[in-house]
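These are the structures, in structure tokens.
One chain, subunit A, links the two complexes that follow: it is found with subunit B in the first and with subunit C in the second.
Here is the complex of A and B:
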């Protein structure tokens, strides 16, 4: 007798569960030691409410009708629900707010074998703008992964608006921005180069559009990119102040898929595994869409992926 | 701007969340100290698979279609998914198996204000039949609630088959059993008495059917009920052996709503609050429906209700 479970979901048996629980507790301990207080929001939300946060996030996962015909959706991340809470029930709390969460999120799998239910552990820093807030969150995630026993992890840092600004400044027609950004978010640099070649731009501009996403490395990348990365340079200074600057990688081609990011974007890596352990970024307009304009940024870790990276690091000795 | 959440769901803010997390960790610590290992199963299951466990459980909550038109349901408890796992991926594990979980379950609210998403912390003991298994689980739950700081809690104990057997032995027509059992499960003793009066049974039989559900108290209840409660007397002896007999209440009218219970059934009370903190029972046929016949029993606590009882006990001084 076979009794299947839905594709992209998993049963977690005792040995793995013990390790996942210990890992979550270590991450939570690090978040709480830094003053981040845990919150919980319902797994089901009105789709219309999620849409207020981000059009694309709302359609990304499982949807159903309630008994009144309203469309409900399983949360696809915790950032939008927490933005709702910060503007709503926590509307009287004085910023800055430091919040964390451990909860499953649900998304459409885009590739075979990808999980559709995954455990996220993350932080949101609300009310601290720009480089200061970004650096606090990046340094906290690096520390929390130290606590979790990783040693080779890095945070990749890009800028959500950089490529978009470049497209606009080179007068690339608006309707071509989204397809090009999607190539970039999938890291399809060959496809991007082909598309760019067809734009009919002067050679220098074409080269700039193809070269920017290849800029990846330490602080020297920021030197080469000039004025466009002023904000990332400020972030670098803050990270140096916190002693975390040597564990980040600037990546000017980094674009996160969610539409609510407005500034720095982050991806968490470990060289022991070939996938990101998490990500996030600055979203200064999201909470305002729920009625309380406040700058914010956050990072979510995929706890099961961090667990795999733990094991892989141990395997590498 | 109001951004509602679905009825029967809640946002949990930092102060409450800190207490709920501490409570969960204390319960989990007690479960693990007793050898119960934590597992996780997906929030979404194929409805057809849940139905294999219990017809009624499958329709009790939120349902949706996946991209292939299959019906998925949000789990309405963890007992059926764990039965699936014990028969499936854990099929080679030698019984007894001691498992625990902390996960949200989803059900249709039957009354205004009832939660539709609620956090359950519970245990399943697989492969230990009858009184011995029942007593272990009841004593563990009493201990775990001690650890959680409660002091006045009790476990109510009934027998899922008792009233059904009595109806059968008095030749009450089969089609009348379910409506009478539903009255009983809702504790509608007045309605039950009315229905019983209309059965056209001899007076002695009518009195027996009306009187049995009123039998509630200590071991003396078991003396009065005679041979029909042989199994509960064996359970009482086991509870005495474990020093837990003075903290249970025998309640011969106790009927749990789920259809998979086959023996003793449990409800957890605290006199400080007017609702059950949890419940469970023996389900000796459920795991067999997934292909691995094994006796089992378990109890789930509603963590948020235990938290309310904690506060209420403190309030009572």
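Here is the complex of A and C:
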């Protein structure tokens, strides 16, 4: 008889576990070699504390009461717990701080087959602002995936605030921002183009709003986007210095769902699989909300997805 | 040479329109047209399937891009795909219909506090009745939805209709229009980044040919 486990969770048996462990060790080796020290935090947090970092408690999907009636939440990522630690128990440590982790995170499954519990391996770089910090993290993730045996992976780079500030600069009424941004985050470019056409803006502005989310590719994208992407151009220069510029894709329509990103946002791809292997971004205000204002950025990889990509790449010989 | 993009093409009502579009783009669809049972056409870069499966194949990257109806996308709103273009063809109305001449919905609401609705689009139907403040019990059926109100299974149906003729022939009438659905071009999120040039040039040629 098979006793069930909740949908979206899984048992890992020895063959797969051996490979997952080996993969994690390779990634962790790359992180450690770059000076990123591993930390661990509890899977259960006070919901109120997570909320200090992010209004929606950072997308926590599962809450429970403890024996004192306190509301606990299963963490939905490692970034908020690490921000809490950096402001708290590591409050005396001199920045920059380089931290990494391998831990499970929990989110609601919105579709059948989506995981509710998943293993994340990632890095957080605290105290290095702007392009310099972003480039270090992007280059490190590219290297770590090399170590893991991938060869065709890319990091997509966007800017969390770009579309919002574009809407503001074109004097689109405030109450229309959210619906347009939601179209963008739902990847409904056809709907976005239709809504933009109805805004009654001058033709050039309309075209800019409809075309920007479609701009993606190499450095030429940054040329075409002009002044709005000053920060991404600085990041490009840093990536060139590190020799990683040819393995990123600038994507001006890229938005990430979590609300705490303030600058560059990242997504990790491999052509062997149809879904992102991970993502992250710059969150300069998050640690400050726990009482220690410090700029920071990070990327998390979904280890099981990287494993699928690894297997697919091997299959291609 | 293998084509650079694999495209998921829906069989059924959108099949002809989709192939005409591919013809206009200069693709060779002769083999696809002449072969009703075959599903995978490697040379043309085409896979054919039922429309409601298109978002599944595209989301998982088994096809880079696909053509499907807006009705399918509305029903499967959690799919992580880019909706790139409204292709304009396959125009249909998503409607609420009941037996002609009656007042089934309001009678059921008044006397029983809820309507029973049969549909192939259970999530969209629940959303529509929720948004309009009416309690609805949604019954999912797979085959001819028109049968459901005629047999007394339900008070009304939510379904897609092109001309309204099937509804009429079965003694049903449209009482509400939920929206207009046309064919859409969708893309896998990773292919949208890693094959950006190919995707963009396809989108551009569709815009030009329209």
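In the analysis below, the second predicted complex is superposed on the first by the 311 of 317 C-alpha atoms of A that agree within 3 Å, B and C clash if a C-alpha of one lies under 4 Å from a C-alpha of the other, contacts with A are read in each partner's own complex, and residues count from 1 in each chain.
Here is the rule we go by: a residue touches a chain if its C-beta (ideal position, glycine included) is under 8 Å from a C-beta of that chain, and two chains touch if they have at least 3 such contacts.
Worth saying up front: this structure is predicted, and the values here are computed from it rather than measured.
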{"item": "Which of subunit B and subunit C A:156 touches, first, second, both or neither", "value": "second"}
{"item": "Partner chain(s) touched by A:96 [first = subunit B, second = subunit C, both, neither]", "value": "neither"}
{"item": "First (subunit B), second (subunit C), both or neither touched by A:63", "value": "first"}
{"item": "Partner touching more residues of subunit A, whether subunit B or subunit C", "value": "B"}
{"item": "Touching partner for A:273 - first (subunit B), second (subunit C), both, neither", "value": "second"}
{"item": "Touched partner set for A:130, first subunit B, second subunit C, both or neither", "value": "neither"}
{"item": "Subunit B versus subunit C as contact partner of A:191, first or second or both or neither", "value": "second"}
{"item": "Subunit A to subunit C touching residues, read off their complex", "value": "110-111, 154, 156, 187-191, 194, 214, 216-217, 249, 251, 267, 269-271, 273-276"}
{"item": "Subunit C residues within the subunit A interface of the complex", "value": "58-62, 78-86, 184-185, 188-194, 196-197, 200, 203"}
{"item": "In the complex, subunit B residues that touch subunit A", "value": "1-6, 9-14, 17-18, 20-21, 37-46, 49, 52, 62-64, 66, 70, 72, 74, 81, 84-85, 87-90, 99, 104, 106, 117, 290-291"}
